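Structures incoming, each one as C-alpha cells.
Paired with chain B in one complex and with chain C in the other, chain A is shared by the two complexes that follow.
Up next is the complex of A and B:
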C-alpha cells in the first residue's frame, strides 16, 4: 500500500512536469516586443517552482515508502529542527525576493516607461459590449468629445462634437483595430460605462479600463496577422461577446486600410 | 413540553417564510397590470359612415449627416451589407418629406373601446438592423420579434409605463411573442449586443395610426366622423399636432412639417390615453 502511494506521487510529479516541458497547455504564440521579457520571467518562475515541486513530490513518495508501517507499534513523533527550518525559510525568501525584484524590473520597464515619441496613438473605449476604436486622422488631433453627445443610435458612440473641426477626420470603428507591424502603438484606454479590461493574449497586454480615467498602455506588434481583443473583466450579461479583432498589417496595408475607413 | 413548543415555533416560522417568499412584487402586480389597459364597455363597430384623414410630413432645413455604422463589430452583420449603413434617425426622402414619422389620432376617440387585433405586429432583425425602424401597435396586441440573422441579438425595449423586458434571441430561435398592456409613446428598443440597433414602438389604444414611408405620406382610414387632433411624432424632432374635422364618409387632410431648428416637444401619448382608459396611474 505504501509503495503504491509512493509510486502515485512520483508518477504525478513526472506527468505534471512532462505536461509543462512538452508545452501541452502553453501560452499563445508571442507577437510583441515587450512580451519576450514577460515570458522569460514567467518561465523562470515556473522552472524554479517546478524543480521545487518535482523534488518535493519525489521525496514525499520515498518517505511514504521508506517509513511505512511494519506493525512494530506506534510511530515516533519527532519535532523541531531550528537549523533546517531557518535554512529552508531563508532559501525560500531569497528565491521569492529575487523573483519579485526581477519581475518588478520587467514590469516597470513595460508599464512605467513612456512609449516612444513616434508611437501611433489609438484611442480605445470600452462599452457594454464592444470596443470603440478611434484614430486621429490626417491632422493628428482627436476631436473633442462630450458624454452628453453620446448617441449610440446615431453611431456617435463616443459623443464626438460635430462643432470641433479636429474631429471631422477622426476615424472610428467598433470591434476592429488595425496597427502597423513593428511600430510602437500607444493605446489610450477609456470606458464609457463600467470597468473593462483590454486583453490581447499574444501581445501579453492586459490593462483595465476604469470609468473616469484615461489610461495609457503600449506595445509593438512583431507579427502580421489577426488577433483577438478580449475583455478580461466581467462587465455584464453579454461580456462573453465583447470581442474585437486586432489586425497587424504592413505599413502600406495599414495606410490603405485607414484610407478605406476614412471614405465611409 | 419544551420540544413541543419548539416544533410549533419552527413550523410557524417556516409557514411565515413560505408566505413571504410566495408573494414577490412582480407576481403580485402581474394580474393588476394585465387588466389595467383593458377597455370597458361595448367594442366599437363601424357604422358605414367612416372617413379618411390623409397628409404628408415634410422636412425643412438641412438633414444631419451621420457617420456610417461600423458593422465589423460583428462579422455576421457586416457580411449582410454590400454598402455602408447609416443610422435611420433622420431619413429625408427624395421629395423632401420625412420618413419614419408616427402619425395617430391623439384626441376625439374618447369613450370608444376598440377591439384588439388578433394578428401580431412583427419586428424583424435583419443585417443587424431593426425592420421596421418605427412600429405602431395597439395596447394588448401581440408583437412578434423574429430574427433573420446568424448572430445572437438581444431585444431590450425601454418603456416607462409598461413593463421592461430584455430577452436574447440566438440564430434560429423561435419568435418572441410579447405585448404592451398600456398605451405609451415612443418606446425605444435597443439590442444590448449591437449598440447601433434602435427601433421605436408606439403603443396606442385604437387602430388609427400610420408610419410615413418613402413618400412621407400617411392615411388614417375608417375613422368615424368627428373632430380630431392628429399628432405626428418623430424620434428626433418630437411631436406636432393638427386639428381636423371629418364629415361622414368624408376626407380631411393634415400636413406636418419638421425642422432641425424647431424646439422639440414631447408627445402627449402617455397622458392622453391614460385619461381615456384610466390607466397608467403613478408609475
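Up next is the complex of A and C:
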C-alpha cells in the first residue's frame, strides 16, 4: 500500500506537469498588446505553483513510502522545530507577497492606464443572449437612449431616441464588432438586463457588464483576423450561445466596413 | 481523582430517543444521514450535468419519459442543465459540505473530545437539526417546483435571481423557494455555531486546557466562529433578495432594465451589493467546509503515523489565522465585477496572505509523517489523500488570487477545478476519513477494511481524473456554466476532454456504491469494535463504543496530557491516553 500510494502521487505529479509543459492544452494565441504582461505573470505564477505542487506531491509520496510501519519499532518523538517553522513561513510569505506585488503592478499598468485620447470608442451592450455593438459615427457622439423605447421587435435594441440628432449617424450591429488593428480601443460596456461578461480570450480581456453601470475596458489588437466574444457571467438559459464575432482589420478595411454598415 | 457527577437518565421511548432527541450523538448521526441523503441527490444532479457536457445533442428517451420538460425534443435542454448545476452546487455546499464536517462530526465528537456530557444547549441543538431539515425540504421543493428548478447558479447573482420568471425558466417559484431554503439554513447554522462556541468555552473537563484540545476541536471551534459571523450576512442578503422578488423592493435591481422588451418596474438597487453580501458569507463558507477536514486530517495523520502532530501550536495559530484572514478576502471573487480596481489590489494581497497559514499546515502535515511508523488504515489513506488534494487544489489559488491573471482565468473551468479540489473533494476526503475513523465509535462496529481500500483507490484516482483535466479546459479559456462548448470555434478542441471527464465521473460515482454498501452492511454485520480499536489518545476512545447517553457515566474525566502523545520514549505502550495520570519523571 505504501509503495503504490507513493508511486501514485509521483505519477500524478509527473503526468500533470508534463501536460502543462507540453502545452497540450493551452491559452489561445495572444492577439493584444497588454496581454503579453498578463501571460508572462500567468506563466511565472504557474511555474512557481507547479514547482511547489511537484515537490509537495513528491515529498508526500516519498514520506509515505519511507516511513511505512512494519509492525516493529517506534516512531520518532518530537513536537516541533522552531527554526524550520520560521524558515518555511518566511520563505512562503516572501514568495507569496512577491507574487502579489508583481501581480498588482501588471494589474495597475493595465486597468488604471487610461486609453489615449485618440482611442476608438465602441459601446457594447449585453442582453439575453446577444451583444449589441454601437459606433458613434462621424459626429463622434452617441445618440441618447431610453430604456422605455427599447423594442427588439423593431430592432431598436438599445432604445435609441429618434429625437436626438446625435443618434442619426450611430452605427449599430448585433453580435459583430470590427476594430482596426494596432489602434487602442475603448469599450464602453453596458447591459440591458442581467449581468454579462465581455470575454475575448485571445485579447486577455474580461469585464463584467453590470446592470446600472457603464464600465470601460480597453485593448489594442495586434493581429488581424476573426475572434470570438464569449459571455463569461451566467446570464440565463442561452448563456453558452451568447457569441459575438470580433473582426480585426487594417484601418482601410475597417473604414470600408463602417461605411458598408452605415448604409444598411 | 475523578470528580463525581449526577447521573443523567437516558430518555425513554423511541421518539424521544431517536427522533426528537436532545442527545448530541443522536443529533450528530441525524445530521450525518441528512448529509448522506443530500450527497446522493447532489451526485445524481452531477450525472445529468456530465451527460449534457459529454453528449450535448444526444437524445435520452428513457430520461425524456421521466422529465418531459427537461428533455423536451429529445436532448437535455440548456435550462435543465443549468438547474441541475444550480441545485448541485447549492445542495453540496450547504447540505453536504457545511452539514457533514461541522454539524455531524462536530455534534457527535466535540462534546466527547472535551469531556462534556452534552452540548451546552441540547434543546437548541435539536432545534438546529429540525430547522436544517426544514431547509432541505424546501430546497427539495425548489428542485421539483412548477416552472423548473432555479438556473441562477449557487451564487444567485442579482438581478438574474431577483427579477423573476421573465429572466428565464426556474426563476419564478423555484428561485423563491431557493432563497427561502437558504434563509432557513442560515438560521439553523447560526444556532449550531452558538452552541458549539458555548460548549467549547464552558464545558471542558478538568485539565482540558485550550492547548490540550485536539485539533479537531480547534477546527470546529474556529469554524463555529466563522459560521456565527458569516451566516447572518447571508441571511440578511437572502431576506433582501426575497423582498426584491416578492415585496416589490429594489435592493439589488437598478432602474431601466429591459428583459424581452419588458421594462422592469424597479429602480435604485445595486447588483454589486448582492455580490458583496454573498461573498462576505461565501468566502468564509469555503473555510467552514474545509477547516473541519483540516482538523480531522491532523488528528488522523498523527494517530496512524504514531507520532505527535508536528508543531501543535503553529497548527492552532494557522487555523486561527486562516479563519481571521478569510473575512477579508471575499473581493477576490469580484475582480471582474466592476468593483474598484484598487479594492482588487487589497484583496489580492490578503488572498495571497491566507495562503501562508495554509502552506504552514501542509508543511506540518508532512513533518508529522516524517519519522513516523505509518499504519495504512482506510481513514489514514483518506487523510493522506486529503493532504495531496489540499495541495493540488490550494496551489492554484496563487494564480486566481491575482486580478491580472484573473482577467483570463476568472469564470473559466480553472476556477471550477480549483474550488472542487479544495473545498469539494478535499473536504469530502476529510469526511470519508472521519467516517472510517469514527464509525466504530458511533455504531460499535468496524467498517470492513478491504472494501474501504478499494473505495479509497477508486475515489482518489477518480477525482484526479475528473478535476485535473478541468485545469486544461480552463487554461484553454473554456467558460464555466456553459451547457455545451460547441458554439465557439476556440472551444471545439476541448470536447474530448469533456468526454474523458464524464467517463471518469461515472466510474468515480460507481465507486461510491462500494462505500454505501460497506457502510450499511457494517452497520449490522461489522465486527464488534472495542473501546479503542485504533489505539488513539483522545477522550472518545476511553468510553464504550457506542457511548452511553451521558458519555462518561458517573465520573467526569480528568485530562493530564495533550492529545497527540504517540510513541513517547520509555512508555510501555506507544501512546498515552489524555486521561492517563501523569507520572513523576526524574
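Operating definition for what follows: the second predicted complex is superposed on the first by the 257 of 264 C-alpha atoms of A that agree within 3 Å, B and C clash if a C-alpha of one lies under 4 Å from a C-alpha of the other, contacts with A are read in each partner's own complex, and residues count from 1 in each chain.
One rule holds in what follows: a residue touches a chain if its C-beta (ideal position, glycine included) is under 8 Å from a C-beta of that chain, and two chains touch if they have at least 3 such contacts.
None of these values were measured; they are calculated from a predicted model.
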Quick one: is A:172 in contact with chain B, with chain C, with both, or with neither? Answer first, second, both or neither.
first
May I ask you to decide whether A:153 touches chain B, chain C, both, or neither, giving the answer as first, second, both or neither?
both
Does the superposition put A:199 against chain B (first), chain C (second), both, or neither?
second
Should A:264 be classified as contacting the first partner (chain B), the second (chain C), both, or neither?
first
Please indicate which partner A:128 is in contact with in the superposed arrangement: first for chain B, second for chain C, both, or neither.
both
Where does A:57 make contact in the superposed view: on chain B (first), on chain C (second), on both, or on neither?
second
Contact-wise, after the overlay, does A:241 reach chain B, chain C, both or neither (first, second, both, neither)?
both
Which partner, once the models are overlaid, touches more of chain A's residues, chain C or chain B?
C
For A:252, using the defined touch cut-off, is the partner it touches chain B, chain C, both, or neither? Pick first, second, both or neither.
neither
If you lay the two complexes on top of each other, which residues of chain A touch chain B in one and chain C in the other?
127-128, 151-153, 236-238, 241
Can you list the residues on chain A that touch chain B in the complex?
127-130, 151-157, 172-176, 236-238, 241, 244-245, 264
Per the touch rule, the chain A residues reaching chain C in their complex are 1-2, 5, 8-9, 12, 16, 19-20, 24-28, 37-38, 41-42, 45-46, 48-49, 52-53, 56-57, 59-60, 63-64, 67-70, 73-81, 84-85, 88-89, 92-93, 96-97, 99-100, 103-104, 106-108, 110-112, 127-128, 147-148, 150-153, 159, 192-195, 197, 199, 201-202, 204-208, 210-213, 215, 228, 230-241, 243
Which bits of chain B are touching chain A when the two form their complex?
64, 66-70, 72-74, 84, 86-87, 89, 152, 154, 188, 190, 192-193, 195-196, 198
Chain A-facing residues of chain C, complex
77-79, 82, 151-153, 157, 159-160, 163, 167-169, 253-261, 263, 269-272, 305-314, 336-338, 341, 344-345, 348-349, 352-353, 355-356, 359-360, 362-363, 366-367, 369-376, 381, 384, 387-388, 391-392, 395-396, 398-399, 401-412, 453, 460-461, 464, 468, 472-473, 475-477, 479, 481-485, 487-490, 493-494, 497, 566-569, 574
